[in-house]
Structure formats: structure tokens, C-alpha cells
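Got a structure for you, questions after.
Every chain is named by a letter (A, B, C and D) in the order it is written, and numbering of its residues begins at 1.
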């Protein structure tokens, strides 16, 4: 299957109101071209699931700047005062999730699990509205799976079929999100022939990837 | 020596060879600069790497390697990278020996609050709740007071980060150990009296032994 | 053409280009030998690989690559390897398009039993429970009877593999589709009559349309 | 830290009655030298957590042959008639766990999770004695975490510090088990200098590995 496409064509498939998972950690490992294209096409009322909202004019912070996000499910907004301002003003709803819990919720969504039991957040405000389950006398929060309509992924390399590998700390949530969305769009730094990434080095199997963005591809 | 350096130097002495350590953003990150020579500590950064180091030169900043605050970083030989689920599996699964975090408040039960001030600033918990719940040892590195107001309280007024008791609190004035009985004043900074520490704290400080003097050798 | 080959050939025609398919140990594995030319299917093996292929030559067996039964295998360009958690995340998470499994019994509700015969043999479920619960499409490939006894029953007498209704049952005598109304007889094998299929089955077989003839083109 | 040791010395640390996780899938990816040494030293009353019991005289099947396992927590014993015979005779207790559930239970143990919610096994004998929890109307089984005293791991390469990478289908349960045990002993095919495995290729971080077995090491 030929999966290569332009960012413009790929983003055209995303409707207003979509639930998006976007990789990245304070902007590192975020698919920049796809984010820019979301802004250019003015996709609105988005639900954003990401580690954070980066900084103004950086990574997914650009979506916040443009007022395209109506709800953000993130572990922190400490690096983005615009998100804080929009939240206080009621323009954006922010659901804060402990970072490790967010990772497990996304992983559960992609793995067909209903949820996981984590000790994180027990007895704190993060436990509000959640079930607490004791196992061997230890209390855990029941944290449920998260899924999305689209995942926008940054990778170091892809092969033509869509096998992905990542680089250093730009890996972060990308491989988890690649499992948890209906449609997965990956933006690799390079696209190499099939067979050029050895099987043991593949982190995201090609079957999970629907579209690959080639830099400057014209189709 | 400013107060942050005093704190960072004292915390550095708590670290032991052969351990895995996570340093929070900000003040805790400074701890790496004051490690005793020859100490073999591995640093984990929750954005997905063990073996992070300072950038040897600003010109060598890569776009795919930063610390958890987004600042370009380096890596040592033997470093390993992983995704966010693995990163927090290490934290939560009992594989992280020490975490050093900043704090807004610590109370007599050893509870830490460090992720929000309702109605004022809501940065979010990031990885802090997982780190405090999961690390084998939690060290809070923070200034003793904020704008003259004490941060060592009888009871935290801000939302807690975890109900787990932290293991050590290091400020520019004192080293305090939360215990089942309460907060034990272990050490005072050079030139700081016990009375000054007590005056700057709202919480009751226990002194089963005469407090020693904080070692902050340059 | 023996009965296993008939089954494998018919199942092969169910597979579509661009899909991810898991073939169980034994009979289902044979399906790979009868794929239509040019069909672009990826095979997942639950021991941790996508892109498994037959070994091109016995002399090329490696110690680190086998199928789920432990038989040395090959791999195609673009293959990818992963651990058991990822393997079943693919299965359970809705990423596996088709699984083909053997069966001991199938009943009118479309329930499959294939992992134990209490008091006799308890091989265990291995990956079967996950595969039947998680795959988008479940195809059971099994002989129609065992030692003359029907395996298509009113109600399974053996412990179930899943309460999920399987999607298709292919035997050497027939192709049967479990539906909400019951088991629909879609096709009979060349030379096999509807009466023969009915006689070899305990379950009631519905025939809203006249059953066709199984395509098993060599 | 210098972690290299002989199989003999490493296995000496394992007491009778220990709970062992041992990697492998029908013997592929099982640390052979460590298994042989368990047999040679006659460690007994072991609890074995593994995917299967392999075949007679293959992989962990050798532990079964020698009568060293009192309880096995595995996904199947279909390839080992000796295990079946011992189970029927009451010499060994066998807890059968669906393979994907076993993987998640081990992963949960190593990740500090109390358990996971899986749809696998709902309504079957695998659900007996387990809690069923509904989320959004879908029933899931609550499956609890598994931990072990020791994990015996097979890897393709290790560096001196213990970073591990794996090969093809010999990876299977190894990286999961490397997280879920108090003491982790790895038997790599080769040991290379630190820095020879690039950070993105490391699957098991060195901090998880306590001992490395060098083939024929004499210390």
C-alpha cells in the first residue's frame, strides 16, 4: 500500500470537532508540518490529547494560539500561559491527568484494555470522580482508556510501508498514540525503502500507520 | 552562594553510586552540577531517557534531545531512550531510587503540594504525582519561605501531590526529615540558628537530637 | 486433496489485501500456502513478529525466529519484531483484521471451544482467548467431525474460548456463518450434499438461500 | 558497576522455593545456560512464570523433567506432555492464563500498576474468581499484577552496564519480565562495550539488570 501523502491532503481528512492525539513533549517530537497545516486549514473545536500544550508558537501551542482547541487532555499547561489564560476565561476546557497515567490511558486505548489500576493520585484531587479499588490492601485508582479519531505522530524514520522508529526524547507519546487512534498520520524526518529498518529496530509496526507525510511531497 | 546553590549542594550529597535519579525541572536540575567527584549516578528524565547529561556546547543542541523542560541536553555513552509509558513504568514500578522535586508546601504529615494554586495558577501535575507516588525516595528541594510566608506548614492548604510521606526536605535554611512522629529538624545551614528555622516554619519541628550543620562544601 | 487442504484453500479466499492476519498453529498455518497470487497480506505471529514467511531453505533456520509453534520461520523485507505485550496489544486493540483458529466445537450461538477437554487434555488457551476476543474477524478452520462425532453442536459442551460469536466456520464439508438467528449454511464442498452436512452436524443449520459450492480452486 | 558473572555464581543466589520468571516461547528466547544451571544445582519447589513449559528437554521443559517446579503460571502446556502428566498426577499445580493477559499482568507488575481491565476471558472459565468491571457498558475482567523474586532473561546483546537488545521472536516475554522481578539475571549472546548499542536500540535499560552472564566467564 502506498501511504505517502502531503500534509495538506492528510489534514483535509480531519473534520472540525475531531479528537486528536498529537505526540510531543514541550514541542519536542511534535509533527510540525501537520500542526501548521491544522492551523492553515483552521480546523476548529478540536479535542487535543497530548502531554502538554508546549509554549506559545511552539508545537501544539500553535493550535492554542489560534483558538482551535475546545478541550485539552494533558498532564500540564505550566509552559503555556496562553492555555492558562484561555482556561481561566472559559474558552478552553482543560482536563489535567498525571503524566504516567496519561501514558497508560493512551496505551490502554490502543491495546484494547478498558483501563488500568494505578497508585498515582490516590487521595488527591486527581482521584475525584474515580473509582478506588484495593488489591492486597493497596488502594489504586481505576483509570480508563483513551482513544482518538486521529493520531498525529512524529518519527525519525519510516519505511515506505509505514514502519516507524524514533529518536531519543522525541519518541515520548508518539508510539503510544500510534496505537490508539482510528487514523494514524505520521510525519517522519526521512522515508527509506522497505527493509532498511531492521525488524528489531521498528518501534511502531507499519500496520498501525495509515498515512506518511513526505516533506514537500507533490502528488 | 545563593539559596538555590545551597539547596542543590546539600541535595547532591544525598545521592549514592549505582542509583537511578530523577531531577525535576528548575532548582532540582541544578543538583547535577554539584555531585561529588566519581559518583556513578544515572539520571532519568521523564520525557524518555536515562543517561542524560549537560550539553557540552550550545552549538551541539539537537532537535530530538532535551530535558523535561524542553532545554537541549546531551547524553552519556550507554544512554537509553524509551517512550512515556516505559518512562513512568520505571518511576511507578519501583525502579527509580530517588526523585528530587520542587515544592510549594510540605506539612507535618510529610505531604507535599506542588502542582497548583487554586484560582491563581494551575500548571498541572505533569509527572510529579507519579514521581512522588512511585520513587523509592522523595527529596523535596525548595526555598524555606515564599515572600516571607512559611512553606513548612502544619497542614498543606494547597491540593496535595500525593498522600505518600516524602523522605527529606532540603531548604536553604535546614534539612528536615518527615517521620511518623512529625517533622524532625536534622540540620541547619551554616550561620542559621535553630530559632531562625523555627520562626520561618509554621509546622512544629521535632529535635530528638541537637541539629547538625548542613554540609554544603564547595 | 485431503480435508485439511480443502479447508486451507477455502479459508485463503477469505483474506484481503492490506490486512493483518494471524494464523493459528497447525491447520490454520497451511492457509498461507494457498493465497491467491498478488494478495498483499501481512501475517502476525503472536510470539512477536509481523512479516513472518516460510523458511526458504531448512539450512537457513535461525535460533531466534520461529512461528508460534516453535518451528523455524523466515521473514519478509519490512518485517517488525516486538514483545508479547505489544503482540497482544495488536490483537486486543482492534489492529488484527483476521484470525484463523482451529476448533474443537462450535455451537448455534457461534461460540467456539478449543482449549481444553476436562479430565482428558488441558493444553491451555495460549493466545486463543485473546485472539477470539480481539480480532475484527474470527474464522474457525476445523474438520467437520471428530471420530464420527459432530463438532457443530447445539451448545458447546467444552469450556468456551470466548463468548464472542465467531464470524465464519470452514470445514472440509461446508462453510457456515454464525448469525444472530443461528448457523447459516453458506456453501457445501464439491461432491458433498446438504443432507450430508446436516447429518454430520448436531446444530440446526439455517438455509435462507440455497447453499453454494465451496470454491477451492487449486 | 561490574555486573558480569558466571551462570553458576548467579544461580547460587536463587533459593529453593523462589518465584522465577523465565523468558521464552516454546524454548525460543529462553536463557539456556541459566536453566541448565538451575537443574545442575537442583533448585526445587520453584514457582515458574513463563509463557509455556516448552517441550521435554527443551528450555524450561528441563525444569519440569527434573521435577523442580511445584507451580507453573503459564498460558499453555500443550507442547509438553510431561507437564500434563505431572498436573494430572498432582505433582505440579498449573495456573493457566490467556497469553495476552499474562503479558499484561507481568507488565503491570513491573510498572507499579495494580492490574488491568481486559475483555479477554469474560464469561469463560478464565473469569472464575475474578471481578468483572463494566466500563461504558463493556464488561472487562480485572487481572492483577504479577511479580517475581528473579527474572532470567535471554538477550541478543548487552553492553557492560546491562543495556539489552533482543532478536526477532526471541524477544517475547523477556523485556516484560526484566521489569517485574527483584533480581534480574540476563544471559546475552554477546556483551559489547558501553556505547556500542545506540540509545534508541536499547529495549531494556541497564538499571533493570542486576547480573549479566558471560559465556564461559571465569571470575
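Observations on the structure shown:
Methods note: a residue touches a chain if its C-beta (ideal position, glycine included) is under 8 Å from a C-beta of that chain, and two chains touch if they have at least 3 such contacts.
For reference, the UniProt names are A, D = Acetate CoA/acetoacetate CoA-transferase alpha subunit; B, C = Acetate CoA/acetoacetate CoA-transferase beta subunit.
It should be emphasised that the depicted structure is a prediction, and the values quoted were computed from it without experimental measurement.
Counting hops only between chains that touch, chain B reaches chain C in a minimum of 2. Centroids of chain C and chain D (each the mean of its C-alpha atoms) stand 29 Å apart.
Averaged C-alpha coordinates put the centre of chain B at 35 Å from the centre of chain D.
The multi-chain contact residues of chain A, meaning those touching 2 or more other chains, are 104, 107, 111-113, 118-119, 156, 166-168, 171, 199-200. For chain B, residues touching at least two other chains, in rising order: 49, 75, 81-82, 85, 88-89, 91-92, 134. By the document's touch criterion, interfaces exist between A-B, A-C, A-D, B-D, C-D.
Contact residues of chain D toward chain C in the complex are 25-29, 51-52, 54-55, 74-79, 84, 87, 94, 96, 98-104, 106-107, 118-126, 156, 166-176, 203. Taken in their complex, chain D has these residues touching chain A: 104, 108, 111-119, 133, 135, 138, 140, 142, 144-145, 156, 165-168, 171, 199-201.
Per the touch definition, chain B reaches chain D in the complex via residues 18, 20, 40, 42, 44, 49-51, 75, 77-82, 85, 88-95, 134. Of all residues in chain C, only 45-49, 62-66, 68-70, 73, 75, 81-85, 87-89, 91-92, 121-130, 133-134, 159-163 touch chain D in the complex they form.
Contact residues of chain A toward chain C in the complex are 1, 107, 109-113, 159, 161, 163, 179-180, 194-195, 197, 199-200, 202, 205-208.
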